[in-house]
Amino acid sequence: MPFLDIIVFPGLLFLLFLAFFCEWLDRKAVAKLQNRVGPKHTGPEGILQPFADFIKLLSNEDIIPAAVDRIMFSLGPILILTLSLMPLFLIPIAGSSALVWFEGDLIFIMFVMTLRIIITFLSAWSSTNRFSMIGGMRVILQMLAFEIPLTIAMTGPAISARSLSLSKIVQFQASEHLLLLAQPLGFVIVTICLLAELRMVPFDIPKAKTEIVKGWFVEFSGKKLALLRLTEDFELVLAASLMVSLYLGGPIGPWQTQSVLYFFTKLVICILILSNLRALFARFRIDQALKGAWKYLTPLALIQVILVELMPMVIP
Amino acid sequence: MSTFRIPFGPQHPALKEPINFTFKVDGERVVSVKLRLGYVHRGIEKLAEDRTYTQNIHLVERVCGLCSQAHVICFSQAVEEILGVEIPARARYLRTIIAEMERIQNHYMWLGFTAHEMGFETLFMYTWRDREIALNMVETITGKRVNYGINTIGGLRRDLTAIAVNPVKRGLDQLEDRMKYYKKLCMTEPTILKRTVGVGILRPKDALRFGAVGPTLRASGIKRDIRFDDPYAAYEEASFNIITYDGCDVASRLLARCEEVFESIEIIRQMLDNLPKGKVRVRVPSQVPQGEAVSRVEAPRGENLHYLRADGTDKLARLKMRAPTLANLLPLCKMFENMNIADIPMIIAGIDPCIACAERMTFIDTENRSTNSWTGDELRKYSIGWYEER
Amino acid sequence: MMKLKWRDKWLERKAIEITVQQSRRVFVTVSQDDFRKTMERLVKIKGFTQIATITGVDIGKEIEVIYHLKHKELVLSLRTRTSKKEPVIPTIVDLIPGSALYEREVHDLFGVTFIGNPDLSPLLLPEGWPDDVYPLRKKWTSEIIKHKLEGS
Amino acid sequence: MGLISWARKKSPWALHFNTGSCNGCDIEVVAAFTPRFDLERFGIILQGSPRHADVLVATGPVVRQTKDRLVRIYEQMPNPKCVVAVGTCAISGAPFTGSYNIHGGIDKVIPVDIYVSGCPPKPEAIINGLIQAIKKYEKKQ
């Protein structure tokens, strides 16, 4: 595996660019939906806005409050950033196989995502702020509720492709058909669960600005905040690219062609879907969100898996 | 039962004004609430005693930027009553028009804030965009967007020019259209319903016992409106309905306010159509004879009461102002009982608090300082203890 | 006197003074001893169950406390006086719970003690406010208070 | 330093604190973030936590009770920071001058960089104030 691939394309630098681009796209789309302009004067149409935010935060003073648990507080943002960056290397971006891939990398992605949330909780807890503690508890609660339907729904594509590897799933879609056509229900469930995983409206409960300020974010400033914001962007990319790879065929284009451009276009569409949903709803209450996850999403995800199993028998 | 305290304010994104609630919560459920005001206490009642009546108009207008018209009308009515002055009919009509415009822009603003509290940013942006129409109308008539500075004792300082009538009427049509849409949205959008229905219950009995006023009271099904019960300005000549809802929750308050906007628009239309001709101001002496008066006005948030005592000089002896938010704070504490943390902002928004109004004189504090400024260590000990006991 | 629905023989006998300002505003003055009884009668029999606010006024040697009671369109202001040296008035929180905040407001700003009010915590104004300063008494002008607080 | 000062200029995040204003200024500050004026064009976002903010937008005269809070919030903000005093009250205490419970303008308590006058100032004026603040903020290194 060439060094250049990891650092430049489709590795770190490309992902960084993608993350900033996605944040800009998301902000711009939401602003448009809210009848505003959004970032405008930072670069052409404000495209450099997330970059400027990032640089500014890096250059800001980094305050460590006296009361916090120093080790976890400093380590938290770095760990979370690493953990949200790692799964991105397993996503097939440029070709039908990813930079790194092995049988079972889907499970690995799920595992890392869960781990990330536990680290989030720990760093929230370590900042000993009442708001971040409540935020941290809500993060965990939300994970417990949404991880399960997400995992179950994600086995759908795996069963169809008879493989637990993302790259294999993409290759299956290249040879057969897009899984969105076969499993629209799964796509919907995954989208909702990913919204919750991303903590976006209507599931931005752990960082509800009007209830608990910024939830577990509240005590972080300067470089740590910069990293955390970058993490959020990576998570956005991760969520969108999971949707793309699992259901939309990743970099597969029509007539058996493969290009990063196809991947990119699909990614943009997915992000627009996510921002659209973000602008359309009010926030749920934590108990309502949990109830919804257990009562509707989990059974639906199960039904969807059963359907995936039964489908080939009914329609040969 | 062991509990966890969270401070809410004084600086908090859900509150544009500083106030401090300290909630005792058990998990996510509110057990009790203590509140502390005094962050916006500017001693206006004392200041008023050092100023002349004309200067006081300026001061009273700044009790609150959002109910400025209501406060000024209330104050000048009290002075006019002691003076025995009858203001011209045109001035009465114009006062009504401006007061109703204030209500419209206030309710729009409130709808936006409520949406913001439930994390519905898009609705917030939309309502605030449409609120600019109302502000434009106010600006055409008075020359300012907030704190209109148009009232004085004995009438108005400026007249409505004929050229302003048509833009205002057009604006009213737009506002009515938009509010119809928002009302439909509030009644059908599932996430809004989830957050408002059954939240912050205030039974009619409690509402009366604790003295709620304005839309908060009317949403508990009680038909009380100063404009109707104790008409002032030109409300006797207007025909309108009192909106009541009997859901007793935030959803009812939401809808009651939406409907009130329609009534306000209707009142303004009637006023504009029947606007009498003539002067807008009578000259009044700068010295007010001895006497006292109680004046009541229905501000956007509810009943506004001023008590004025004059001692024959050009300065007043005592001015007491009771703004609606203060009356609604006790019912608010009642509403919090057994609610979820996530509902707190919604419930607070439900009474449309205007702390600047409530606080020009009052402070409530039932806690000692120590709970307010916990160190991290204390908190950690507390939280560890909390988990051990569970 | 105008014919009004609230008209009450008992009250007319007890009251020191009754003024009808206009058809919807009535001012009644009672002595400090009769105050509690009058209030009970007004609340329980006459239906003045809601209170708008309580106003305190410094009138030289005494402090006047005015209760603005509401009954439909009518505002009845019941007024009583208490000496400035030892300002004491029985509470009405048990009759009208909504008056709790207003009683404390008057307690804070004028130093009137409402006997029987369970929660008259002497906490008003900013933290660290001196005990004997009642900002709305005429003696305390803004300059004197500022001088006392800032000590320069 | 070119990159950093460019980034600072392009992304000043604001924190709004009411030190005792009548509400008029607060409403206009919020209005400046809504569709008609939309401060996000300049990269300015309203933040909830002082730790995340660069520009403190303070409104109203400083009331005794809020003085300590104002100082605390100012100190919680990371460096470099700047303060915009919005409204006449925030500049001098305006109609409330002489009251026993106010200290006067914001600059009696914390250093102020930009003053926006008006009662209340229009959102356009507030936007201008923030832009001026950005220029000043750029020089603070």
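Lettered A, B, C and D in written order, each chain numbered from 1.
To be clear about the criterion, a contact is a pair of C-beta atoms (placed from the backbone, for glycine too) under 8 Å apart; a residue touches a chain by one contact, two chains touch by 3 or more.
Only a predicted model underlies this, so the values are computations on that prediction, with no experimental measurement involved.
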Which chain has its Cα centroid closest to the overall Cα centroid? B
Kindly indicate the chain pair that has more C-beta pairs in contact than all others. B-D
Measuring from the mean C-alpha position of chain A to the mean C-alpha position of chain C, what distance in angstrom results? 61
Report the inter-centroid distance (CA atoms only) between chain A and chain B in whole Å. 42
Whole-Å gap between the CA centroids of chain B and chain D: 25
Determine the centre-to-centre distance between chain A and chain D, using the mean Cα coordinates as centres, and give it in whole Å. 35
Among the residues of chain A, pick out those that touch two or more other chains and give their numbers. 34-36, 209, 213
Residue numbers in chain D touching 2 or more other chains? 34-35, 48, 63-65, 98-101
Would you please write down the residue numbers of chain B that are in contact with two or more other chains? 12-13, 38, 41, 43, 46-47, 50, 125-126, 129
Complex contact set, residues of chain D against chain B: 16-28, 30-31, 34-36, 46, 48, 50, 60-61, 63-66, 69, 73, 95-96, 98-102, 119-120, 122
Which chain B residues qualify as touching chain A in the complex? 4-7, 12-14, 28, 115-123, 125-126, 129, 189, 191-192, 194-195, 340-345, 375-377, 379-380, 383
Applying the document's contact rule, which stretches of chain C touch chain D when the two form their complex? 125-127, 135, 140, 142-143, 145-146, 149
Please give the residue numbers of chain A that touch chain B in the complex, ascending. 30, 33-36, 65-68, 128-131, 133-134, 201-202, 204-205, 208-213, 279-288
Of all residues in chain C, those that touch chain B in their complex: 21-22, 24-25, 27, 49-53, 55, 57-58, 66, 68, 72-73, 75, 77, 96-102, 104-105, 108-109, 119, 121, 123-127, 135-136, 141-142
